[in-house]
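Pasting the structures in now, so scroll down.
In what comes next, chain A is part of two complexes: it sits with chain B in the first one and with chain C in the second one.
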Partner chain A sequence: MSAQNVATDSLELKPGLEGVIDDWSSDQRAFKNVPWGKAMMWIFLVSDTFIFGCFLASYMTVRMSTLDPWPSSSEVFALSFGGAPIPLILIAIMTFVLITSSGTMALAVNFGYRKDKRTTFWLLIVTAILGATFVGMQVFEWSKLIMDEGVRPWGNPMGAAQFGSVFFMVTGFHGTHVTIGVIFLFIMAYKVSKGHLDEQKPGWFTKRGGNYEEIEIMGLYWHFVDLVWVFIFAFFYLW
Partner chain B sequence: MEHTAHDESSFVRPAEMGEMELYHPKTWLGKYVFCQDAKVIAIQYAATALAIGLVALVLSWFMRLQLAWPNTFSFIDPAYYLQAVTMHGMIMVVYLLTALFLGGFGNYLIPLMVGARDMVFPWLNMVSFWVYFTAVLLLTASFFVGGGSTGAGWTLYPPQAILPGTPGSQAGILLMLASLAVFIIGFTMGGLNYVVTVLQARTRGMSLMRMPLTIWGIFTATVLALFAFPALFVSAIMMSLDVLLGTSFFMPAIVSMGSEAEHVGGNPLLFQHLFWFFGHPEVYIVALPAFGIVSDLISVHARKNIFGYRMMVWAIVIIGALSFVVWAHHMYVSGMNPYFGFFFATTTLIVAIPTALKVYNWVLTLWQGNIHLTTPMLFAIAFLLFFVNGGMTGLFLGNSTVSMPLSDTLFVVAHFHMVMAVAPVMVVCGAIYHWYPKISGRWYHEGMAKFHFWTTFVGSYLVFLPMHYLGIMGVPRRYFEITGTTFLPESAHAVNASITIAALVVGFAQLVFLFNLIWSAFKGEKAPGNPWNATTLEWQTEHTPPQHGNFGKDLPCVYRWAYDYSVPGHEDDFVPQNVPPRSMTA
Partner chain C sequence: MEHAADGHQPVVKEEEVIQHPLGIYFKIWILLFVLSAMSYAVDYYQIQGYMRWFLILLFMVLKAGLIVAVFMHMVWERLAMVYFILLPPILLLTLVAIGSLEADWTFFNRAIYFLQELVQTGPAPPPAH
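Showing the complex of A and B:
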């Protein structure tokens, strides 16, 4: 019986700073009522923050160090509808889609804890489809940049070579995160529909008995990926 | 384990969680190869690390042979020499010391010392080792590809690392970067496990401030690694793209060997900042577990509580935090803004405060202790000597103005070998001897151990002390040969030769050490469960070596800190952590 993952073993906790000090000076657990997987996901996300932080810091450094002019993002990322270019329209839609998926994810977590398998399943599927749509639009954006505008990782006709290098590297790395998330969302949806979480059937990744907190842990990752996108959006497209 | 009748509920709170579910392997492969028991994973990590460390040891011999008797050995050409320098450094720092301290000691000691049955995610832990193993294979493969392994120096600075003329500038550097990236992925899997086990899976009564300092050191180092390795991961990706796709992250417009390279507008300093943002915490990733372990060795073998336990914990944490704001002291001569030098010199010198505090506390623990000069204790004392020596020269190099003339001389080599190579290796040896009876259930051979200690201790001094003088004389590091340089007297060459002889002897002593470990595992005398009369939980296990699940039917409860040695009014000179207050009779 893997009770360490079960949320029912909750303790009465003191509120506020005093409670934090109490928890950290106590035995057994520093974060009371926090399952192992969730603690691990949080620490992983901090580590991952350092990765994206390094990427963005590097982007700013090469943008300053290059001598060629940086291409104007509002022109490069514009789409034409009926002859008139609309700046940043694709990115606006992509951002909207991804942020919406955060909303459906949060709902899925909530319905999961209510053990409403059917609704949870569909919310996870919707989240995954929104994520996949985002990746699809990213593929479209990449192909447009590569085919129509001649942007390559090693150079482009508009200006600094680093524009393409950084763009493909950072959005590619973020897109990989989204793709991994989509895959796990589909797996999770499958597990929910089959009732694996009710039976506490061990998952293939951690080999610990499953339960509905897994959806929340999955959600942490998903919200993180969305949050990173907000920064990428701000630094790449608006600056 | 002590099973006295007592009302434990008045001393420790009830369990918050149910028992950890253990995985029981059904096949031979699952039991010995893809094993999920942290103790087996620890031994796999340690064995792999020591094996690849042996390669690095041999590389250092080649390096020294060339320096002592230039051009006598036909197989050592300049390219080969640079490759030996590079791979020796990289293997020792990342693949030996990091993997051994965190993957080896971390895996073995964390669950046992905090009173857990295993790591929180054993399967992930197992994968972590095999990913690390893959990284080692990639690294080894780079010796055999065309052009050989990279010879860019362990810092892998671009532009030279990927320009023709540097050995291994094509396949060698790519395999190196791939190996590092894979290592980081594998480490992250293990590291998350270590951190969560310490934070969330301690036994009843084991508060953070009752943990042995060994665990504090390993825990803090793991946190550092989780936050520092990302910078190396990112720079490995960017440099690979520079090589593979011709991007220019780190590559400025440059004329290489008479022709213009195809790069433009990149920033080589960016790599140095990223590398050292990883590289400096890396020093503490190696040093902090050593600090922690040596505290326990000194306390156990001096039969005295550690002096200033809380200070020791906070010093570890503060050193860890400071390690993230000192990185550019490695870059005083890189051409960065000189004002940076001022900032980083200041933060660097501040590190000396908690570090000196630790040294004082170690010495004060020894003060009037009942010192047993066992092999682990000898190594612990040797650590103190090397560490103080290396720490002192750190003050020279941390000052930007003093550092300038010493940059890129053997003084730097002497400094970091003293402080982060020999000193932690002393702890590694001491710790292996200390826990050997628990891990193998047998005693190591005392004679071989003493021979190993004295040869390593005296020999390492003979290697690295003279290097300081050579460095002050201006002998540059990484040079293939220094013959024909008029500013160096003939005696400098004699010193170089004597260093090499000492290095060969020290290397030989390590072979004796490894032989001792293997031989004693079969032929050694049977060891009792708690041969050192130590207080921490790993010595209180039902079986020696501990079985899968570590403890017997019940997990131990912890009633006290880890340092109840020579408690006044108590019969024995130690009280194990799991002895309840009421059963403590005078």
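Showing the complex of A and C:
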């Protein structure tokens, strides 16, 4: 945090609802005690919430309005390992992979603030690998659905045509988010291992010096990706 | 917030973050695993009807809450930012309400339209394959 920001924080900040009114009416920045990068990430995530909210709301609309039966996701996403097919097992594994990666990310943020470069680096790498595993399993899921089950955005043999369009749109958009996250995790791991955050070396697109807050901001994005999956899992796969 | 002796420069913010003990992350992590397993169990044991919907929504809200509160550090943020983040998405409920009204209307019209078609032409022939 830069020196001029610290000066504005020197006034006593009030807690509770009074603090909300004080913060917003302070004629200064509204978000106290927060680096601007973090506030901006939160603003982006709120906007992203609306994007996924629109997807899920339109999914609800098409599912409610179709006359054809909706394909049973429990059966469509079943997988058999030699024996009888286990319902939804692939999606369950994907969920656990993503939650595990969220845990390692949370630890990476914590170790980052402890300036433990080595541990932070490896936690970021593990998070990225778990994310890549998730995307890989999604590729498997997509190809199985397209090649074996004949699901297309405009129709499928199991029932309502809207199933395919919703599936590809929602999971595709989420998968894109995960992929972008994995790329940035690797970049962040590189920056940590090279000591860029310790030396306050600026990134490629900014003159602002590196800082361990960057890992927390990265973490916000990654946890959000996990958060969106919680909703997709509940509404698309389980409902 | 703590202040240094001169009353001007607050203690560096990062100190506050360092003080989150690791234990809480592991606890939340385990809880998320358990909740995920339980929401998968809803499907595995084929619980149906209102109970299914209730359980799905319950586990979803609990998981989302834990992720946002602890992993995304929401419990440690000032309320001005918490409200800014949590209140706008409530607007999405309006979209859901509008969407469900429209979906019911579409469903009703489709039902009438296809019913008329059925009366005029008789039942559709069975699929070719």
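Following the convention adopted for this analysis, the second predicted complex is superposed on the first by the 220 of 239 C-alpha atoms of A that agree within 3 Å, B and C clash if a C-alpha of one lies under 4 Å from a C-alpha of the other, contacts with A are read in each partner's own complex, and residues count from 1 in each chain.
Everything that follows uses one rule, which is that a contact is a pair of C-beta atoms (placed from the backbone, for glycine too) under 8 Å apart; a residue touches a chain by one contact, two chains touch by 3 or more.
In this text, all values refer to a predicted model and were calculated from it rather than measured experimentally.
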Which superposed partner A:Leu67 touches (first chain B, second chain C, both, neither): both
A:Met40 touches, of chain B and chain C: first, second, both or neither? first
Contacts of A:Leu13 with chain B and chain C, given as first, second, both or neither: second
Partner chain(s) touched by A:Gln138 [first = chain B, second = chain C, both, neither]: neither
Touched partner set for A:Ser58, first chain B, second chain C, both or neither: both
Dominant contact partner of chain A by residue count, chain C or chain B: C
Chain B versus chain C as contact partner of A:Phe50, first or second or both or neither: both
Overlapping contact positions on chain A, where the chain C interface meets the chain B interface: 1, 6, 9, 24, 30-32, 34, 39, 46, 50, 53-54, 58, 61-62, 65-67
Chain A contact footprint on chain B (complex, rising order): 12-13, 15-21, 23, 36, 120-124, 188, 192-193, 195-196, 199-210, 226-231, 233-235, 237-238, 241, 245-249, 252, 262, 264-267, 270, 273-274, 277, 558
List of chain C residues in touch with chain A within their complex: 1, 3, 7-10, 12-14, 17-18, 20, 22, 25-26, 28-29, 32-33, 36, 39-40, 42-44, 46, 52-53, 56-57, 59-60, 63-64, 67-68, 70-73, 77-81, 83-85, 88-89, 92, 95-96, 99-100, 102-104, 106-107, 110-111, 114
Residues of chain A defined as touching chain B within the complex: 1-4, 6, 9, 11, 24-32, 34, 36-37, 39-40, 43-44, 46-48, 50-51, 53-55, 58, 61-62, 65-68, 153-154, 160-162, 164-166, 169, 173, 205-209
List of chain A residues in touch with chain C within their complex: 1, 6-7, 9-10, 12-13, 15-17, 19-20, 23-24, 30-35, 39, 42, 45-46, 49-50, 53-54, 57-58, 60-67, 74, 87-88, 92, 95-96, 99, 102-103, 105-107, 109-110, 113-114, 212-213, 216, 219-220, 223-224, 226-227, 230-231, 233-234, 237-239
